[in-house]
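By written order: A, B, C and D. Residues from 1 in each chain.
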Amino acid sequence: MDIKFTEEQQLIRKSARQFLMDKCPSSLLREMVEGTKGYSDELWRQMAELGWMALIFPEEFGGTGGNFMELILLLEEMGRACLPGPFFSTVVLGGLTILEAGTKQQKQELLPKIAKGELIATLAITESESDYDPSSITVTAKAKGESFIVHGTKLFVPNAHVADYLLCVARTEKGKDPEDGITLFVIDGKAEGIKYTLLNTMAKDKQYEIFFNKVRVPKENVLGELNKGWGLLKKILQKAALAKCAEMVGGGQQVLDMAVSYAKKRVQFGKPIGSFQAIQHHCSNMLVDLDGCRWVTYKGAWMIDEDIPYEKEVSIAKAWCNDAFRRIVALGHQVIGGVGYCEDHDMPLYFRMGRMAEITFGDSDFHREIVAKQLFSAG
Amino acid sequence: MNFNLTSTPEEEKFRQEVSDFLDKELTDEIRRQYAIDKGLGPEGRAFALKLGAKGWLGLGWPKEYGGSDGSIIHDFILVQEFARHEVHIPNEVARFMSGPTILHHGSEEMKREFLPRIARGEIEFGLGYTEPPAGSDLLAMQMVAVEKEDCYLITGQKTFNTESHYADYHWLAAKTDLNAPKHESISLFVVDQRSPGITITPIWTLGGERTNEVFYDDVRVPKNRLVGEKNRGFYYMIEALNYERLMMSQTERLVPILNRIIEYTRQTRRNGKLMTEDPLVRNKLAQMAIEIEVSKCLEYRAFAMLFEGRSPDYESGISKLFISELYQRLAYTGMEILGFFGRLDEDSKWVPLRGEISRLCRMSVVYTIGGGTSEIIRNLTATRGLGLPRN
Amino acid sequence: MDIKFTEEQQLIRKSARQFLMDKCPSSLLREMVEGTKGYSDELWRQMAELGWMALIFPEEFGGTGGNFMELILLLEEMGRACLPGPFFSTVVLGGLTILEAGTKQQKQELLPKIAKGELIATLAITESESDYDPSSITVTAKAKGESFIVHGTKLFVPNAHVADYLLCVARTEKGKDPEDGITLFVIDGKAEGIKYTLLNTMAKDKQYEIFFNKVRVPKENVLGELNKGWGLLKKILQKAALAKCAEMVGGGQQVLDMAVSYAKKRVQFGKPIGSFQAIQHHCSNMLVDLDGCRWVTYKGAWMIDEDIPYEKEVSIAKAWCNDAFRRIVALGHQVIGGVGYCEDHDMPLYFRMGRMAEITFGDSDFHREIVAKQLFSAG
Amino acid sequence: MNFNLTSTPEEEKFRQEVSDFLDKELTDEIRRQYAIDKGLGPEGRAFALKLGAKGWLGLGWPKEYGGSDGSIIHDFILVQEFARHEVHIPNEVARFMSGPTILHHGSEEMKREFLPRIARGEIEFGLGYTEPPAGSDLLAMQMVAVEKEDCYLITGQKTFNTESHYADYHWLAAKTDLNAPKHESISLFVVDQRSPGITITPIWTLGGERTNEVFYDDVRVPKNRLVGEKNRGFYYMIEALNYERLMMSQTERLVPILNRIIEYTRQTRRNGKLMTEDPLVRNKLAQMAIEIEVSKCLEYRAFAMLFEGRSPDYESGISKLFISELYQRLAYTGMEILGFFGRLDEDSKWVPLRGEISRLCRMSVVYTIGGGTSEIIRNLTATRGLGLPRN
């Protein structure tokens, strides 16, 4: 057993933290959140220069061959900074899916661009009965000549408005098992017949409704195996869930830091409130929750890198992080009091981020059921 | 023992009258104004005047000050019916905090000047207690009122003064003695908010409501605007605060929210089946119904003590404590059930229940902080309710 | 609205408290718990003299015509004293059921004896798949001439070993709806073919397995309507559940009192531990939970007395009391520390009582489902 | 990073060896003796000697004191394998608290006298810290050791000395200076439990285990039985306590318990269906699996720090905090699932899982109290882990 990070990993974390502290102050953050684009071109360019978008991809596709743990550490720092923008949707949802299932040609065409920060991608899964359940996939893709005709409505697609490519989960066949007959497509974001409507979420995180109105997609844009897309998607969803955990770890650390530093400075009844046992125990409970989040997330990343079956552990991480991050933010608010309820404080940013993170890629009950399936199938 | 809202035919008649009035007069626009703009719009103001005309804003006050027949029980019934109709009583601070304090402690002149106007629904007060260094520790306030000839000159800063951007008067606490023990150094004032030297700047909150910072720069306040005795302000504040906590406990408001979530599960399929058939959903919503019932019992118990002429102490504290935490649990349960859609704002496509669950989730963050944090209430419960030694 | 008790009620509570403080010290309690009989004849006689067994029955059946609230207050004091013995099974399970459904003759024969403390009764419901579900009733009663032949095994029957009469829930018919075809019988505790086996529960509360080996029961011993017993039983179970809440209210009050008094006296770090915020907040949380238990229970009793439909409210009370009493005891242990973990302290008595109370007449999930049924059927 | 229990082939070989040994040697009788009688019976004692013969009770100690090759990692592997096999390491206090303290601070004579016997599995120590007035506040202890010629004369009372009725020696803390600051007034002693003047009386607990009160009446303890330096005892205690907390964190022990509950749901019908099909049951058991995994991560993290040569501080505290509370949650979840049957004692007809859930439910009550209450650990976490000011 060994919980040390490599020097490489420590460097990634340290430089990411420094970069975001320097280049992404609270003012820029708010500008990005309030803006329609949702991110800053300049910041995006600098992130690309630092190699962030290239990190996880093999060298043959323009990447630097980092492992999943390194991506997790980077995402942790982004979560800590509450950084908005299309990094997650491009690299995790787009890039990793293409890397996992793309043809050599698809990879060679798309991944180097992603790695250079020149291509923005996203993944369209959920629909109106959305719970990451295969039976809820009703957007259809019907073969017609050399193309598929994609039709239907997707919801909660992050950063769709700026995406060069949309990865879309569609039903190509209706089988007895709802998992069968699902296929992923790479669709040009500017293709004819696509309509984007912004959904105003609590976190203003640029989620979109996409209406595909009989959109023609060439057959070579099928990603992975025809009709066998659900297996691929499950794998991607698990990795994405763990990546989301990393953001919560970072966010939780920042909330705890804010609470502790406030508790040290804030004086009431003649003492720093951090000397009151009630506040001390709130902070301790936050730390216990956070440490739990941190190490289950790292363990999940280690399993992914080691290629140990990770489905149960990743679901454990996501269920725990969802619940723990909620408690951390709630206690943070309780420690910081009225000041943290004001929009000019950073607490609301993390509160809003938490509400989205805890539902994205599966809420706690969803992941507990995955864990239950594993428990009851084993032995 | 009797857990009914009303106990006598007369009370039931009054309740019915209030209910009928609200059914008839209450529009979505008025509800919206009270929820978001605190009655700032013309419809909200007109509604307040109608209530005043009914005599419902001066129930139990002496006729000579514009009051009308009634008692604390009628106030309670009024508040409960308003809660059931999901709207706040307008001018709450004036009606339930400043008004009673003026009635009990104010000069004859002050009573004649303010009580009739409160009873008519014409004016609202803004609560001016909290300062940046004085949150839970109210006694740490630093705003100073210096006596000078016929007036006090007041300088300093208040914060989280929620009503100040629409209130007519500031219900201000300030230090009038820098040498006395802290709890005997504070006085209350009624300050005209248009007085020169007052600056009000907005603070926007996670819940979407506006609150305010209020700056005083050598503001002249006539001496006759001192409430009651000089340096007794802290005692008046405590007296009114207890009442405030009770009035904040309106469990009835939670019932329609839960009902709408239930209605949502009746109409929503998840994973291929109706949500009402999901045992986890059933269990969670039942738990909410259970906690709402407990909250109602705690609230009724505290009120019933008032009706008996006993003064609830920790009992009103834990009623507020319980309901404030329950609001948060209900909001989160709602969020779990609404899933992604629960994260949408009111103005979004696909938003269910007009975004109320997301709004409640944000707004309820402050419920366990304002009006006495949960921690402070737990302290008081331990020391005053259970007689544990003060730290 | 009005939360005052009548003078009568206040007197019952006060005299019961005084009596139990005087006559039921911890030493006697332990003697009763450890003994095979489970109670003291002398104490039972005195309770009868005080009219406790007569309280809830109408005067025509030898009772004093008290209402349910009065019974609740009495049970509260018994819970406070952690009093063992067959009062509950005789008066609540036996007496109230007979009062509810008995023929005039049954009532006249049995109730005056109960009221005088001369008859001990109990109710046999649960079986091996026990969850108070009608489908779990498999003990059969088959008509044969002027009798029924009762056969099968009942579990967790309190005080069966000393019961003069067992009320037994048996299946007389197998219908499509499991609620149909259930009948209650009054069975002589000494009837031929009955075998009692003590079940050693955590609380040593004298629960028995009863094996009915083709026990002959005269037809006139049917209690209530043939085949329609489940409706009656549901009503009895709800009242019994609320009566169990009353015991938990009393027990919770005693645990809180013990914790608070310990916290005032116990000095650590130079101060009474009750001056530490962590202990203060534990005690406050206990009080909040307890006050909730108290008032939902009283409200339920008021509804029963006023004949307002009470199914939902009683289930609310039981679910809340189950969970809250568990928390109260856990916090009590945390406040009292190691001393309360020793068997010579009274805390273990309340811990053990709580484990039985929270499951008897329905655990929290059971009652939440009843609440859910009401919620989803209304509107 | 590596979350495997073993990292090298050598470690894995050792683990396998321990596992094989336990598979072969561990009988239900030995398990029972360790769970209930703490290894008091002949089989338990013989088992300890076998372990000693294996060299596993002196891993990493110098050969001259009876030690054998190994490191903290091997200790950890040993503990984990024992936990997986659901048995405690015998003579735990001797092995993990007294032994290391003697090794680091004891005189040469003391090392030679005790360490080989500990390593051979021959002797156990009883922890003698707590007194009626000194629970969480260890420094409030009052037992006094008065220096007199060649010995200390000790008088006073200890309580909750769990091992004393079967231990050979008492690992005793007593005051040796009544004037010094409290943390520099305590010394540790090794006291032969057969010394005249010692009376041991049982205390029976909710969990069914025996613990003891130990009375000292002018007990003579030779001077050479003072451990290390006089008046440094408190520092030695703290040093060992941290280690104790870590050794109490054996999440692996929870896994087979959860598995048996799961197995029970596979074989049990409730309300006409198999319990495995009940979504509430599935949700609860999944949550337990989640918390067990979190507990394991917190535990591994603290151990891994040790392996790196860093000294875990709050990290071992919260590992103990988390697992102690988790034990209680797991026990309650088990009770919920076993229903009425979960309330039966081991010797009852109809009892499932040999009554272990009921026993765990009772025993775990003390887990959040002994070895540092949850409240004390939260204090330490706040001040030492987060740097919040001491009260």
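Following the convention adopted for this analysis, contacts are C-beta pairs under 8 Å (C-beta built on N, C-alpha and C of every residue); 3 or more make two chains touch, one makes a residue touch a chain.
Given the structure is predicted, the values throughout are model-derived calculations rather than measurements.
Peer 1: Looking at A-B and B-C, which pair shares more C-beta contacts?
Peer 2: Counting C-beta pairs in contact for A-B and B-C gives the edge to B-C.
Peer 1: From the centre of subunit B, which chain's CA centre is farthest?
Peer 2: Result for the farthest chain: D.
Peer 1: How many angstrom between the C-alpha centroids of subunit C and subunit A?
Peer 2: Between these chains, centre-to-centre, one finds 52 Å.
Peer 1: Rounded to the nearest whole Å, what is the centre-to-centre distance of subunit C and subunit D, using the mean of the C-alpha atoms as each centre?
Peer 2: 40
Peer 1: Hunt down the residues of subunit A that sit against at least two other chains at once, touch-wise.
Peer 2: 276-279, 281, 365
Peer 1: Which residues belonging to subunit B are in contact with no fewer than two other chains?
Peer 2: 279-280, 283, 375, 378-379 - these are the residues of subunit B that touch more than one other chain.
Peer 1: Enumerate the contact residues on subunit A facing subunit C in the complex.
Peer 2: Residues of subunit A touching subunit C: 276-278, 281.
Peer 1: In their complex, what parts of subunit D are in touch with subunit A?
Peer 2: Checking each residue of subunit D against subunit A gives 1-7, 73, 76, 259, 262-263, 265-266, 276, 279, 282-283, 285-287, 289-291, 293-294, 297-298, 300-301, 303-305, 307-308, 314-315, 318, 321-322, 375, 377-379, 381-383, 385-391.
Peer 1: Which part of subunit B faces subunit D closely enough to touch in the complex?
Peer 2: Touch residues, subunit B against subunit D: 278-280, 283.
Peer 1: State the interface residues of subunit A toward subunit D in the complex, per the touch definition above.
Peer 2: Within the complex, subunit A touches subunit D at residues 1-5, 69, 256, 260, 263-264, 271-272, 274-277, 279-281, 283-285, 287-288, 291-292, 295-296, 298-299, 302-303, 312-313, 316, 319-320, 365, 368-369, 371-372, 375-376, 379.
Peer 1: Where on subunit B is subunit A touching in the complex?
Peer 2: Per the stated touch rule, the residues are 130, 133, 135-137, 140, 159-160, 203-207, 211, 269-272, 280, 328, 332, 335-336, 339-340, 342-345, 347-351, 358, 361-362, 365-366, 368-370, 373-375, 378-379.
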